[in-house]
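Down below are the structures I want you to see.
Heads up, the next two complexes both have chain A, just with different partners, chain B and then chain C.
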Partner chain A sequence: MNTHQQTGDTWLSPVQSLAHKLNLDSPWVKHKLDFVMPMGVTIIRELLLALALLFGVSLVVFTILYAAPGDSFSLLLSGERSASATEEVAQSLGFSNSWFGQYSTWLINILHGDLGTSIRTGQSVFENVVSATINTLNLTLAAMLVTLIIAYPIAIYTSVRSATPLNGPLTIFAYVISALPLFWLAYIGIFVSTNVFDYFPLGIGLGVEDDMEIMQFLLPVLILGIGSGTVSEVVRFLKLEISRVLEEEYIRTAKAKGASIWRHGFKEGLLLPTSQIISSKIPFFLGGAIIVEQVFNWPGMGRMAWQAAQDRDFPVIMGIALAAAILVRLGSLVHRMIYIIVNPRASHE
Partner chain B sequence: MNTAEHLKIEDLHTYFYSNVKRAFIHSVNGVSLTVNKGETLGIVGESGSGKSISMLSTMGLINAAPGVLQGEVTLHTKQGSESLLKGLDQFVKIDIQDKRIISVKKDLNAWNKQVENNMKHIRGKEISMIFQNPKAAMNPYETIGKQIVEMVLLHTELRNKHEAKEKAVYWLERVKIDSPQWRFDNHPFGLSGGMCQRAMVAMALSSEPSLLIADEPTTGLDATIQSKIIDLLAELQQELGITMVLISHDISVISRLSDNIAVMYSGTVMEQGPAKAVLDVNSDKTHPYTQALLSSVPEEHNLLANGHLKSIDGEVPDTIDIPAGCRFYARCKMKHSGIEKQCHHENPPFQEISPGHRVRCWLRIN
Partner chain C sequence: MYTEFSQLPIEKRQDIEKHWWKKIHRMDLLYLCYGITIVSLVVISYFLGAFNLLPFDPEEMDLDNMMVGIGAEGHILGTDFMGRDLLSRMILGIQAYFLPGLLAIVIALSFGSFLGVLSGFYGGRIDTGVTYFNNLVDSFPRLVLILLVVAAFKPDIYYIMIIVGLTNAPVVAALIKNKIQFLKQKNFIESSIAMGLPTHLIIFKHILWYNCRSILIIQATLGMGEAILMETSLSYLGFGVQEPTPSWGNMVQAGSNYLMQGNFWPSTAPALAIMFTILGFYLLGDALNHILEGRKS
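Entry: the complex of A and B
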């Protein structure tokens, strides 16, 4: 430790002074402490929030399903419609209980790790939902990648080179492809692939059966990536962020240093916006996935939810609602983590 | 004293074009400044007088595209002279009909490319800058150490990261940051304003530039810290013998450091000369504006009867429609009936009244 005169404007963060007291003078220890503690706090807070959210989601979805008309067992009766038979099936499935009775039973089962079985197929809801979630994740993440691949060059080009003749057409292009309706685009995609490429692109069980071919994967991904309506939004958001960051004072300092403005602007101008937009667009992509999965027969959450809603297959609907909520929370958690890693200031806020 | 020229700015014009008003904003209007090797030039003036803009123009750092940037800026380096604004005017096309501006077209991309080209070996290496508000001016996402190391690696012979780190710690120590090896790993937000400004000075000097431009280095800091930063700059300037341009709206800050002083008002230099001559309160040779600035420094003899500080009435005029006469005419307290007509209608020339001391005022010429 050198013995410089006290400049009067010294300040130690709580973590630093703790490290100082513990004689952990090494910058490495201090660095790690500064880094790990806020990280842990964030994870714990996000997990608690996620639990509360899941409880809320289950409550709302369950209540809506309870209040909705229709039942899930008429189908099972296979034509027999006598009152006694109906009563018997309802009894065996637990439907004659009150709202509270049904919900508490479901909740207790959940706490035991049991999501129940599908009323229609009798299969385990947990297994079905997990495999569907994985399939949907494949679809949505790849589709997001497509969206970003389209949006990034446009955003960067138009924000850096403000006065080129390509600027207008590129922006219009982004808006036009965002305005294409997904269901229409999907059928056009099928039409083109069957008529032009002579290929029938229906997904037949990605992850379940491994004989999926590249086109069967690629076409739905492309369609969802283009048609989810987020390209223009991503372009606009990125453009805004990039041009805002390029006006920042520290970018001017970087220029005055003769350093690369991209190296200095990368974190705030590209990395954070990307993580933010991915995490905030997860619900949109899940919504779009319902249509795409339906059209392309993709065995994911969207199709499963659609089917289950038609069948009033309550345990499955509940399972998918939970899975979707978890995905959304997970996206936000990942974004928070990236934010803290990139911006240590966040841990002091 | 060594009086070789280091940086020479001749007839610099920086005009911004306002699309709404269809007119130029004449932010810097014919500024000529000379900085000699090893000396400090202080540029003082109110906000909007064009002092920062003229230095930012010199460095090619103006973000909003200026409509016009004209003049000659010559930097004398060990390798020879460099013209910093060369080739820029070919990218601007101004269409004027009947004295009205129809359109201003500018090839921004080519312009930027040319600026980068002119500045490639200048920024950081020959000229370093420090800015006001250091917490925003240093990258908040990187540790200060990393930012200094970057500067060292970019502009000095050192290529080894370890050596560069040692160098950075040395500079942090040099600007009197205590426990520099600790502070190396701090982000700007973890430092106080004064410390952060010290770190910025360390960063600017770590490339061993020949010229340091300090753009309002004390603005936004506590008064006591301000004073320490000024002391530090004075000390380092003495020890390293670098040339410095200090920009401030605070004439007391300027007076502590400068060998020469330029007083700017409304985009032009009103007075330039040796610090001693310009700051002489009792002199009847200096510009009324300089005198007004000096009399608004918080000192006992500048207080009014009610204990309040004197101030300059009125505001800096906008620089779109420049009056024909003296720019300071409207606020000048020393105009009198004998000379008033001339002040109102004719712009005074920049007259040398004693060696190296020039004033733009009719009072001092007649």
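Entry: the complex of A and C
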């Protein structure tokens, strides 16, 4: 217990006592450590929470699969269907009959990166899901950028100048954009690009992912960014946050001093809302990606999930659900990290 | 200078209460009118479809008049690629989402308010559990969860709408929890407990009915919009209503095959119907939110 030194009345944490040993306990270091320690604790807590949620996700996915009608042994035993034969095969395959036994086997396999093999293609699910996830990430991240590029000017314009004649039309424009059906918008996009720009945007998904041309990438990204149905919510959220921050007293002080409002309002007025809205909209973009990938034949998670749902290909759809949940959790983890780092006060509460 | 409503003289208060609609923002009034028009159109069309009062038989093919435009040969909105009347099919397409959408709303509201009351009223460990559940539901993209259920069971619209309802519940729960915490700050709940009111009366009458009904109405309109969006997306993907039964999603899907030839209308008409309807439900929800809960700006 020599790390837990007792000096006077104050208890020193391991890091602080290390700093003491290294003769680093100047007021500056102490001040920094007071900030860093609770931040570290909060970050570890967030990580544990994310792990607990992923555990819950695996439980939900497994339960849905477990409750599904039909079992995989009826395929293996097409000839003899007696109960004892089923039992024998199950035991020889190391298959547990109990719910918990099956779940723990499945979970341990997943933790080893083994998601099983696809029923349709017989390929390893893990490798397919990873490559599909990377393709989908390209699509969704670029589409989010498009959404933000559309939403930011509207949000900043309507919140900085609160009453302009353009206010109403811009808001309605954002609403109309987010109510457009995504699949129809995609077809219109293909029509316009083939007839006006003389370019046929379908052609990927043929195994040539490396030389993906810029136009092939651009159209699906634009369509998903415009039509994912999130523009109006992003605009509303950003507008609310920016106008709230602009009314804060420190912004008024900055104005009075003649300092840059954007520099002082950046962290709270732009960085935090952006990371929050991105992390909370990841599920919507992944959902929209299913439709866009379907239309544009994009070799991503969405198209794979659609195919798997058609074939009742359980291992694939489970892998995709897990991958999507991991992406969502990662997004929210990154947002929490940014929030804790920008606003260290939050970890003291 | 701003004075609290309750501090105003009685004549002025009566005056404001008599002319309460004057306080509504002009844009909100516009949204409200548009939304109510759309909702009543949808309800009327639902009953027209239910009692089979359609201008044409929606499954009758008219091979002489394929893909004619608006108003030709008595077809008010024209015909699709098999010469079937678009207007009749669109009216009948409302059957595909109306009742399932109501089911999704009922599930979202009842389950959401149950969770919200649990976490707001009791707090503590229960609140932690409910927050965990909400985060868990939010971890899945809704369409992925629906595809998982479709693969495991069967593509049935009522299964899908149960998922839509369950995934909407956390939003309702969070709003109700916030409202209850606000009421707790004002010592509202404490005083009603001190008065000796039974718990079920506090929860159902004083919290849910008197204080949360506007939240529930708003969430119901927004939930209908999301149900329509999900139904059309799934019909488009082929997991919803199957041809020849019309649904707006599979009408867009069927019409889009002819879009490259320049025949926009058969897929654009249902797409516009989807857009205007979803817009109507969203704007109605927004306007109600501003009117009932107070405009934020």
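Everything that follows uses one rule, which is that the second predicted complex is superposed on the first by the 266 of 349 C-alpha atoms of A that agree within 3 Å, B and C clash if a C-alpha of one lies under 4 Å from a C-alpha of the other, contacts with A are read in each partner's own complex, and residues count from 1 in each chain.
By our rule, a contact is a pair of C-beta atoms (placed from the backbone, for glycine too) under 8 Å apart; a residue touches a chain by one contact, two chains touch by 3 or more.
Since this is a predicted model, take the numbers as computed values, not measurements.
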Exercise. Kindly classify A:100 by the partners it touches after superposition: chain B alone (first), chain C alone (second), both, or neither?
Key: neither
Self-check item: Touched partner set for A:255, first chain B, second chain C, both or neither
Solution: first
Quiz item: With the two structures laid over each other on chain A, which partner does A:268 touch: chain B (first), chain C (second), both, or neither?
Solution: first
Exercise. For A:283, decide between first (touching chain B), second (touching chain C), both and neither.
Key: second
Practice problem: Classify the contacts of A:191 with the two partner chains as first (chain B alone), second (chain C alone), both, or neither. | Solution: second
Exercise. Using the touch definition from the top, say if A:161 reaches chain B (first), chain C (second), both or neither.
Key: first
Practice problem: Go through the superposed model and pick first if A:317 touches only chain B, second if only chain C, both, or neither. | Solution: second
Quiz prompt | Superposed model, chain A: greater residue contact from chain B or chain C | solution = C
Quiz item: In the superposed arrangement, what residues of chain A touch both chain B and chain C?
Solution: 162
Quiz item: Across the complex, what residues on chain B touch chain A?
Solution: 59, 61, 63, 106-109, 119-120, 122-125, 128-129, 131, 133, 136-142, 150-151, 154-155, 173, 176-182, 184-185, 187, 189-195, 198, 200, 203, 207, 224-225, 228
Quiz item: Okay, in this complex, where on chain C does chain A touch?
Solution: 27, 132, 135-136, 138-145, 147-153, 229, 232-233, 236-239, 249, 252-253, 256, 259-260, 267-268, 271, 274-276, 278-279, 282-283, 296-297
Practice problem: Report the residues of chain A in contact with chain B in the complex, numbered from low to high. | Solution: 1-2, 4-11, 13, 16, 25, 27, 30-31, 161-164, 246-250, 252-259, 264, 267-268, 342-345, 348
Exercise. Sort out for me which residues of chain A touch chain C in the complex.
Key: 49, 52-54, 56-57, 60-61, 64-65, 67-69, 162, 168, 171, 175-176, 178-184, 187-188, 190-191, 194, 229, 232, 240, 243, 282-284, 286-287, 290-291, 294, 302, 305-306, 308-310, 312-314, 317-318, 320-321, 324-325, 328-329
